[in-house]
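Paired with subunit B in one complex and with subunit C in the other, subunit A is shared by the two complexes that follow.
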Partner chain A sequence: MNTFTKNIYLFWQGTILSYRALFAWLRPVTYMASKILMPLAQMFFFVFLGSYATDGTATDFYVIGNAIQITAVSGIFGVTFSVGGDRDAGTLPYLFGTPANRFMIFFGRAFMHVIDGTIGVIIALTWGVLLMGLDLSRTDLPALGLTIIITTFSTCGLGLLMGCLSLLTANVMFVNNFVYFSLLIFSGANVAISTLPVWMQVVSNVLPLTRGIAASRMLVAGGSLSDVFPLMVSEIGIGLMYGLLGYFLFAWFETQAKQRGTLETV
Partner chain B sequence: MNAIEVNHLRRVYRAQIGVFNRSIKEVVAVDDISFEVKQGELFGLLGPNGAGKTTTVKMLTTLLIPSAGSATVAGVDVVKGANEVRKKIGFIFGGERGLYWRLSGDDNLRYFASLYGVDPSVSKKRIPYLMELVGLKGRGNERVGGYSRGMKQRLHVARTLLHDPDILFLDEPTIGLDPVGAREFRNVILDLQSQKKTILLTTHYMFEADALSDRIAIINKGCVIAMDTPSGLKKHVSDLSVVEVETFGASETALEKLRALPFVDSLSIEDREQKQILLVQTTRGAEAVPDVMTALEGQRVGRVIVREPTLEDAYVRLVGGAA
Partner chain C sequence: MNYSNLFKYWRTVLTVAEMSLRTQFSEGFVIFAIIFQPMIIAILAMFMLKDKGGDYAMFVVVGSGLTGLWSSLLFVSGNSINVERWTGTLESLVGMPTPFEVIVFGKNLANVVQSLLSMVSSYTLAAVLFGYSLTLTQPLLFFITLFISMFAFICFGLTIAPIFIMYRSVQQWENAMEFPVYIICGFLFPIALLPEWTTPISYLLPPYWAATALHGTSTAMMPLNQVLFSWAMMIIFSLVDLVIASQLFKIMLYKARVDATLDVD
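And then the complex of A and B:
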């Protein structure tokens, strides 16, 4: 087995096992409930609140926005716990004591959550179609699928950065909640970005999800892949930027921990 | 070539103190340590808490960068060639943490095998072999969270052998194990020793170090204060005998009287539930007993024996037991 194949194997093992380590304690029924009911609760809350506020004229706006935003559950919470779980398990010294490729270890932790987040969005959109009148008859479904995957990928990039923060502090749950709920506003899921104050629009533009939600709305309204292509390229760029920032923070953390002797005190 | 060479290793920790008037406090964990470990040797590292044992092991396992000095493991510098060193060593830090508790024992080993770049076809055969070696045969599908402490520590041994390293660092591997578990663990170490693995073992248990080690270094306050075979170290106390006195709530005044006796080299006390065992090191052997009993007059005293010194007695003398 050459180095490349070994690294792919490491990536695959990391992605499968870290995901199982995170959710294996749940019974299948509990796991499915978390995947099906949680999106439904968020959709109900914001869609009916938004519809009430707009006299039912903008239901699709809230359905699509919240369905796509659901990906942040996997992208932010899931990825953070997958990376930060090593801190709680006390496995960091054993992880950093191996010769394994750090890039593969790091990004391997996020991969399964891209799939998981994509499934979460599909479930949420299904609720939208079945219960909230979302019409996908004019939608380029493959393009929408691609948009969902890319948006989930970019959100996982932010999750990787948050995961690294969780190696530095025990209070990352607070930060995670802050980011998750901020995304409900800043990503445009529930408020049109053009109506936000300028400084909030600036923040929106450097966050994942923003372009993904905008692109999804365009596709559901009948837009084509070429219409949303620029948004998708930017979304990938945003995801890579956060993912790489997270990776460099991860590498910096390892170096600092070895220099300062803080590997076990984090 | 020696398996491990340590030259004037030093490690200083720096900690910031204060919020507004910040100052740096330096703590010297390892001051100046040098030793060599031959290939296939089981080398014990003994010392009191805070002596620098774990810090030394961390530097040798590439988890901590030395402040000064150098060390090579398998002929490779631990700082410049850290990744090469990692391929050739395995290590365990005492305790049950460091495993993914929500995964099964087999899954833990599978993941660590991939981290060490072990070919999947090799790890497929090696994992059941190692589980059997550490006495966990048939338990590989169970979640680690349900394992006993001893099982977790044995799983650590299996983990550290996945890539078949030649050099092992075992930092207090039997800490917290019950006597049966600790004995089983020592048998695993003996088995590894018979496979010609080089082992650096740190422990607080003197009998363990005595039974397992080819050579021992005793470190105190970050420096090596003695290095020899177990029998060589015992020669440091060959002039001494130990009077063991069982007492029940001996007063501090009585202990002070005992310490003040001119022939008492050192006195250490072991608490065992309601009783204390006073270990009086003396050059006078059995002749010291009457004076010892006089010093303990009025105290409740049980069994009294005079015995030859052990490695522990040598250790107590070398690190400066409460004389």
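And then the complex of A and C:
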């Protein structure tokens, strides 16, 4: 088997096993409660709040924003736990003891969550259409699908970085929740970014989701793929930036942990 | 479950509450749930509701505070017995002479008191960061309502905790129970926006009556008879909760002492 094939095999094995390890202990009902009902309830809360704020004139704005934001459940929580899970399960020393390609191991942790997150957004949009009257009649659906996948990918990039931070801190739940909820403000899911203070707009622009949500709104309003293409390229760039930052942090963490013998001391 | 024990063992209640507070303030998730999450929700709501006019800032402070109160009740009080199982101290607590309900009551008291911080943090945020001048329209009635609401939340927590430990199938829905209560109880928008069939569900939940009375006495001149009605509903639900909790504790202690299945998942 040549190196390329071995690495692909490693990527796939890591992808499947880390995902199964994360959810195998759960019963389907727990998965449903955490990954389907909780995000939907959150979406409905902000949609109702938004409808109340605008007297029902901008419901679509909130449905689209919050449906796309649901990808952060997989992108932030799922990916972080997949990366950090190795320390919790005590498998980190074995992982760092292998000669396996770190790049493949690391990015393999996020792959299933891109699929999982995409499905979550599609479910949310479906509920938006059925219960909230979201009109997709003018929408380029393949372009919207591509936008959702790219947005989920970029959010998983941030998740990979957060996963590495979870190897350095004991307060994983605090950090994850803080980032997840902050995205509700900064991503433009619930507040038009142009109405935020300037410093908040600057933060919004370096986060994943922001462009994905904006692009989705444009597509639902009748825009075409070429209209949102620049936003999508930026979104991919942001996802790659966070993913690579996470990878370098992961590599640094491994070096430091091996040199200092501090692999599981946090 | 003998509620006179709460008076007989009042010092134990306070000691348990103190210990709980000390322990929980070192937990990142608890700090997030009672301080940061309500603040983020408050920031969002302030941006979203700013064109509503009137006393929306105080409305947001109270509403986001209630979200912290409910999240704390659900995740911290709901797991106040479970956490003893996770740390391996449940059998010792059940086996010692101090009544178990006294300990759980003390823990819930601490949880509800500390979750009032969510209202304080939202108030500070609105006053300091957003520069609002916040005043309560009926301060005396507001603080009495707050006291009754705390009691109602503690009693509600007493029913949730034994359910979560005995019926894992219910506890599995915990993550999905947070936002629906924000919606159905009208913490940040009126329940009139919701489909009509949800209204009876709202009426059956003590947090709805707490939200109604707290909003009514903080941002509007709620007529006294309506305030009294909300208080009465909270007290009635609290008494019902205490009766239900009493039965649940009996079943739980039976399982602990006779079936020996308390620590078995």
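In this section, the second predicted complex is superposed on the first by the 261 of 266 C-alpha atoms of A that agree within 3 Å, B and C clash if a C-alpha of one lies under 4 Å from a C-alpha of the other, contacts with A are read in each partner's own complex, and residues count from 1 in each chain.
Definition applied: a residue touches a chain if its C-beta (ideal position, glycine included) is under 8 Å from a C-beta of that chain, and two chains touch if they have at least 3 such contacts.
This one's a predicted model, so the numbers in the text were calculated from it and none came from an experiment.
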- Item | First, second, both or neither for A:258, with subunit B first and subunit C second | first
- Message: Quick check for you: in the superposed arrangement, does A:42 touch first (subunit B), second (subunit C), both or neither?
- Response: second
- Task: Look at A:171 in the shared chain and tell me whether it touches subunit B only, subunit C only, both, or neither; answer first, second, both or neither.
- Result: second
- Between subunit B (first) and subunit C (second), which, if any, makes contact with A:204: first, second, both or neither? neither
- Message: Per the contact definition in the header, classify A:13: touching subunit B only (first), subunit C only (second), both, or neither.
- Response: first
- Message: On the A-aligned overlay, A:33 touches which partner chain: subunit B = first, subunit C = second, or both, or neither?
- Response: second
- Query: Touching A:196 in the superposition: subunit B (first), subunit C (second), both, neither?
  - Reply: second
- Item | Contacting residues of subunit B [partner subunit A, same complex] | 11, 13-14, 29, 55, 58, 61-65, 83-84, 86-87, 91, 93, 95, 97-103, 107, 110-112, 114-117, 119-120, 143, 159
- Query: Which residues of subunit C touch subunit A in their complex?
  - Reply: 28-29, 31-32, 36-37, 40-41, 43-45, 47-49, 51-52, 169, 172-176, 178-180, 182-183, 188-190, 193-194
- Item | Residue numbers on subunit A that touch subunit B, as the complex places them | 1, 3, 6, 9-10, 13-14, 17, 20-22, 24-25, 85, 89-91, 93-100, 105, 258-261, 263
- Task: Mind listing the subunit A positions that touch subunit C in their complex?
- Result: 27, 29-30, 32-34, 37-38, 41-42, 44-46, 48-54, 170-175, 177-178, 181-182, 184-185, 190-191, 195-196
